[in-house]
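Chain lettering (A, B, C and D) follows the sequence in which the chains are written, and residue indices restart at 1 in each chain.
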Amino acid sequence: MEKTILDVRNLRIRYGGASTDAVRGVSFTLGRERLGIVGESGSGKSTIGRALLRLLPGATITADSLRFEDVDLLALSEKEMLKVRGRRMSMILQDPKFSLNPIRRVGDQVAETYLRHFKCSRGEAREKAIAMLEAVKIRDAERVYAQYPHEISGGMGQRVMIAMMLLADPDLVIADEPTSALDVTVRLQVLNILDGLVRDRGIGLIMISHDLNLVRNFCDRVLIMYAGRVVETLQASELDSAQHPYTQGLLAAQPRIGGSRAPLAVLDRKPEWLEEKA
Amino acid sequence: MSAAVETHTLPGWLNALKNILLFLLRSPTSAFGLAVLAVLILCALFAPLIATHDPYVQALGNTLKPPGNGHLFGTDELGRDIFSRLVYGARITLTIIFLVSIIVGPVGLLIGASAGYLGGKFDTVLMRITDIFLSFPSLILSLAFVAALGPSLNNAIIAIALTSWPPIARLARAEAMTFRKADYIAAARLQGASPLRIIVKSIMPMCLPSVLIRLTLNMATVILTAAGLGFLGLGAQPPLPEWGAMIATGRRYMLDNWWLVTFPGLAILTVSLSFNLLGDGLRDALDPKQMNKR
Amino acid sequence: MSVSVEVRDLSITFGEGATAVKVLPGVSFSVQPGECFGLVGESGSGKSTVLRCMSMLTDFWKGDVLINGRSVRDMPLIERCRTLQMVFQDPYGSLHPRQSVRTVLNEPLVIHKLGDREERMRRAITDVGLPVSFLDRFPHQLSGGQRQRVAIARALILEPSLLLLDEPTSALDVSVQAEILNLLQRLREERGFTYIMVTHDLAVVDHMCDRFAVMLRGEVTEILPRDAIDKNRATHPYARQLIAASLEYEGAA
Amino acid sequence: MSFSRLRLGGAVGQLGSIIVTLLGLLVLTFFIGRMMPADPVRAIVGEDATRETYEQVYHALGLDRPVWEQFVYYMRDVLTGNFGTSIRTGQPVIQDILHVMPATIELATFAILIGACLGIPMGVFAAVNKDRWPDHAVRVFSLFGHSMPIFWTGMIALIVFYAHLDLVGGSGRMDQFYIGLVDERTGFLLIDSLRAGEMDVFWSALNHLILPATLLGYSSSAYITRMTRSFMLDQLGQEYVTTARVKGLSRGQTIWLHAFGNIRVQLVTIIALAYGSLLEGAVLIETVFAWPGFGSYLTSNLIIGDMNAVMTCVLIIGVIFIGLNLLSDILYRIFDPRTR
């Protein structure tokens, strides 16, 4: 955590046509660490990820500060932003079934990242892509390179996605529910691969998820979001000693293997949670 | 009990209609469509009041007069007032649209929804039949029917109706096929609902919006087809003031008397355009995707 | 009244002879009266298909499904509907978007010619913890959890004895999942329902079910009691792998 | 292995369904041809023929046989390429049609090129600017094309561009004094004149072609625009478009390299269908422009009630439509990796 990669202060996002902000005054900083953002659907967690990449057409984004390394994300022109996206900051999306272009070979889609950001021949890009596919532990990378998305499994698809997004060696990766479309047995493999690469390369990671178990195991620090606000920030290891009743409620509502079969605790949503400052 | 449901849904229906109208009026294009439609209906209803002359009375001493002098759009080769003929022509146009739509809409919806939901042999046979009809541009098939039946307004209506139900059925079927897999249909089946009940109560209401949109857009096509038939002398016969037929007779004099063809053509264009705009607006107003979101 | 369920050699085959594709090679299990039985496995393992076959939503299968010893195939439609009902995964897709809650609940009563409709509807909606005023709402006016409650009310209104639950909470947030699971738990205690529940979440199985079957490519690999999860006492390699992954994922390992 | 078999089964099934559709087409034309109240025998023998000749022709036409038998004869005739003789020209109908077809194909092909070149970019442009003014402008422009009665627009355009402005050629395929100057080899005047090296004829032909083709193209561009827009909107809402943006592709690159690639196949289908329905517009516009093509042939026979010729025309259009559908199906299979 020696260096700050991202500094977000008082971020507000409002979608075009909406009457209230989807994200209301969120602040956090990120170093070379793994930060989890957890919340239920509609809490604004995915919106933050897309806002960082400036991928919300029609939405109004304001902040006291939205600094990524040496650049102010709010001040960048779209043209300058093209050099940031994919090269310095990238994002892993949820479901490879939809997030890969169905009519192009997966390898070409991976290589495209490299071609876009580095001056090189197609052959070089191809080599880089194959090396990267091997790095995400795809055994027969040459064969997979030539396949179409519908020919590979979900777990494989998500590895391809990771390869694509890490190929240009970015400093920050946002993973938006990277495993919720995958089966439990594959989920861990994919997460371990992502985790290994992120640690080896010293990449900052923002893991957006609704799943407390996931962030507990794969993040250093966790932001808990509720209705567009951060209600609590915790070390992942201290999740069980959360202070905020919302976090406590989420933890208690989760059925556990080996837990008691008494009725699960039900979240009693308090209106003041909407107002509280993080 | 059922009365309670009735009183509950009736205002709901009216309310929905009001909302749709308000939505349409908000966009200038569909508002234009609505306005033209209103004018068309008024013309048809009150033709005797609006028309300045009798549309059939010939005045051979007053032929081919340009617009002006008591004849708003001039007179034709027999001295008849073009404006009055256009106003009365609205009746013919509306009759065609109305008759075709009330035949084609329910038939297409019922057949398409049934085929889509039931599938199997019924669907195969039905789709073969619509395939055959769809193998022709609608005008050409109508031409063939009219040629066989003999040229007249009624036969034109029959021919157009015969050729325009298959696309509606096709659309309803495609829609029904997406809905038949929905869990709420499975739930209805598990409650013991008969296929007919499911089709009428669950499938048809879901197909209705797109069928309505298609029907509105179809009205534009119907107008053009009817006018085309009239133009070729296979639709409404003289002296009926059908707009397409008016263009056909005016064609001989058009180089020197532009008003003969210009005004009926503009009438066709405007009405057809307004139905297209209206259908387009309805698409936004009734878009099921948007409805599900809210 | 609780019912027992027996599924014997349930299979689906497409095509014939050498080119036949077995979608469901053969599933057998039995469920005690009043038991909650889980079906787990990865996506595409055929667990939802089993429920659709049992409920006759899919009818081109072979084998036997017996409820209290009676084959579902031989049951008249009306009786079958009043014996088993199903709750679906996605509460956004399982309610007709243009029908009010009242219509949704009224339909089965009309079909089955039951009296006291208003009274029955009120009871069903209160049973699932919603106010009676919700009868006049439409699905788009309800939250995900409320929709799922309505879907459960719809299943309850014909007073069946067997409920087939197809991932009833996987589309919901954790806090809402807790509410629905509690509701299902309470209903079982009060009415003695037999549940067959499809899920991919072993924590939910552990919380709800008495026994469960692990499915892989259309086959039941192993049937285990609930307490086999905790210490991973499965013997079949795939079942072991699945449980191990779930334990590790939960951070309990 | 089982999959290739399934696909083979699909192809066989498709072939079967085409045959069934063709058969249905025959049934339809047969019945339309026979349901006319006008007496087909009178049409041939004339009003003042004797009873004897009438009976003779009645028998020769097979009208005294049961309907199904008549249908079998009809089918046999069609399958052996015998479509009967045209009353008007006295030639075999099929020969007449083959003679006029190139003129229509030339017109329709030119029109579809214009329609596609106009419609596809407009559709993409509208989709990209959804709900903003360019979208509305494109919508009104294309609906306008879709709403105009093409026979009327053709007449107005003739008055304006030919009679008043003298910018283009008038009726027919070329100026009067060029007729007969070029040998009909292919029947496509543009090609024939180029082959013969008659540039004057070529320019005259192009000058005559441009107005009807533009009008037809404009009217068909409405459909192409609308479909392109909706396909494009579908694709732009997909998650892989976001992926492309995240990789650092610009909006333009995302649209053309990724999203547009995914609608190419659908566009081919749409253009094939639009080409078919152009024939409909051609019937009317050929009448207005005195274009000696298929449409003129059809309408002139309609008016004199020559059902033999009319039904053959209808049948041929049906076959062309089915052929176009088949073609677009095949292209779909070739271009989409998911169906390979």
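The criterion applied here is as follows: a residue touches a chain if its C-beta (ideal position, glycine included) is under 8 Å from a C-beta of that chain, and two chains touch if they have at least 3 such contacts.
The UniProt protein names, listed by chain, are A, C = ABC transporter ATP-binding protein; B, D = ABC transporter permease.
Keep in mind it's a predicted model, so treat the numbers as computed, not measured.
Asks: How short can a chain-to-chain path be from chain A to chain C, counted in steps between touching chains?
Replies: 1
Asks: Can you list every chain that touches chain C and also touches chain D?
Replies: Output, common partners of chain C and chain D: A, B.
Asks: If you count the C-beta pairs in contact for each pair of chains, which pair comes out on top?
Replies: Ranked by contacting C-beta pairs, first place goes to B-D.
Asks: Looking at C-alpha means, what's the farthest chain from chain B?
Replies: Result for max centroid distance from chain B is chain A.
Asks: Could you put a whole-Å number on the gap between the CA centroids of chain A and chain B?
Replies: 51
Asks: Approximately how many whole Å separate the CA-defined centres of chain B and chain D?
Replies: Computed value for the inter-centroid distance: 24 Å.
Asks: Roughly how far is chain B from chain C, centre to centre by C-alpha average, rounded to an integer in Å?
Replies: Their C-alpha centroids are separated by 47 Å.
Asks: So which bits of chain D are touching at least two other chains?
Replies: In chain D, no residue touches at least two other chains, as defined above.
Asks: Could you tell me which residues belong to chain B and also touch two or more other chains?
Replies: Not one residue of chain B touches more than one other chain, so the list is empty.
Asks: Flag every residue of chain D that touches chain B in the complex, lowest number first.
Replies: Those in contact with chain B are residues 17, 20-21, 24-25, 28-29, 32-33, 35-38, 136, 139-140, 143-144, 146-153, 155-156, 159, 163, 276-277, 279-280, 283-284, 287, 298-299, 302-303, 305, 307, 310-311, 313-314, 317-318, 321-322.
Asks: If we count contacts the way the header does, which residues on chain B are in touch with chain C in the complex?
Replies: Against chain C, the touching part of chain B is residues 1, 5, 8, 182-184, 186-193, 197, 201-202, 205-206, 288, 291-292, 294.
Asks: Residue numbers of chain C touching chain A in their complex, please.
Replies: Those in contact with chain A are residues 42-43, 144, 173-175, 177-179, 181-182, 185-186, 200-204, 206-208, 229-230, 241-242, 245-252.
Asks: Which residues of chain B touch chain D in their complex?
Replies: That would be residues 29, 128-129, 131-141, 143-145, 147-150, 220, 224, 227-228, 231-234, 244, 247, 251, 254-255, 258, 261-262, 264-265, 268-269, 272-273, 275-277, 280 of chain B.
Asks: Residues of chain A touching chain D in their complex?
Replies: Going through chain A, the ones touching chain D are 53, 55, 78-79, 82-87, 90-91, 93-95, 98-104, 109, 112-113, 116-117, 148, 150, 161, 164-165, 168.
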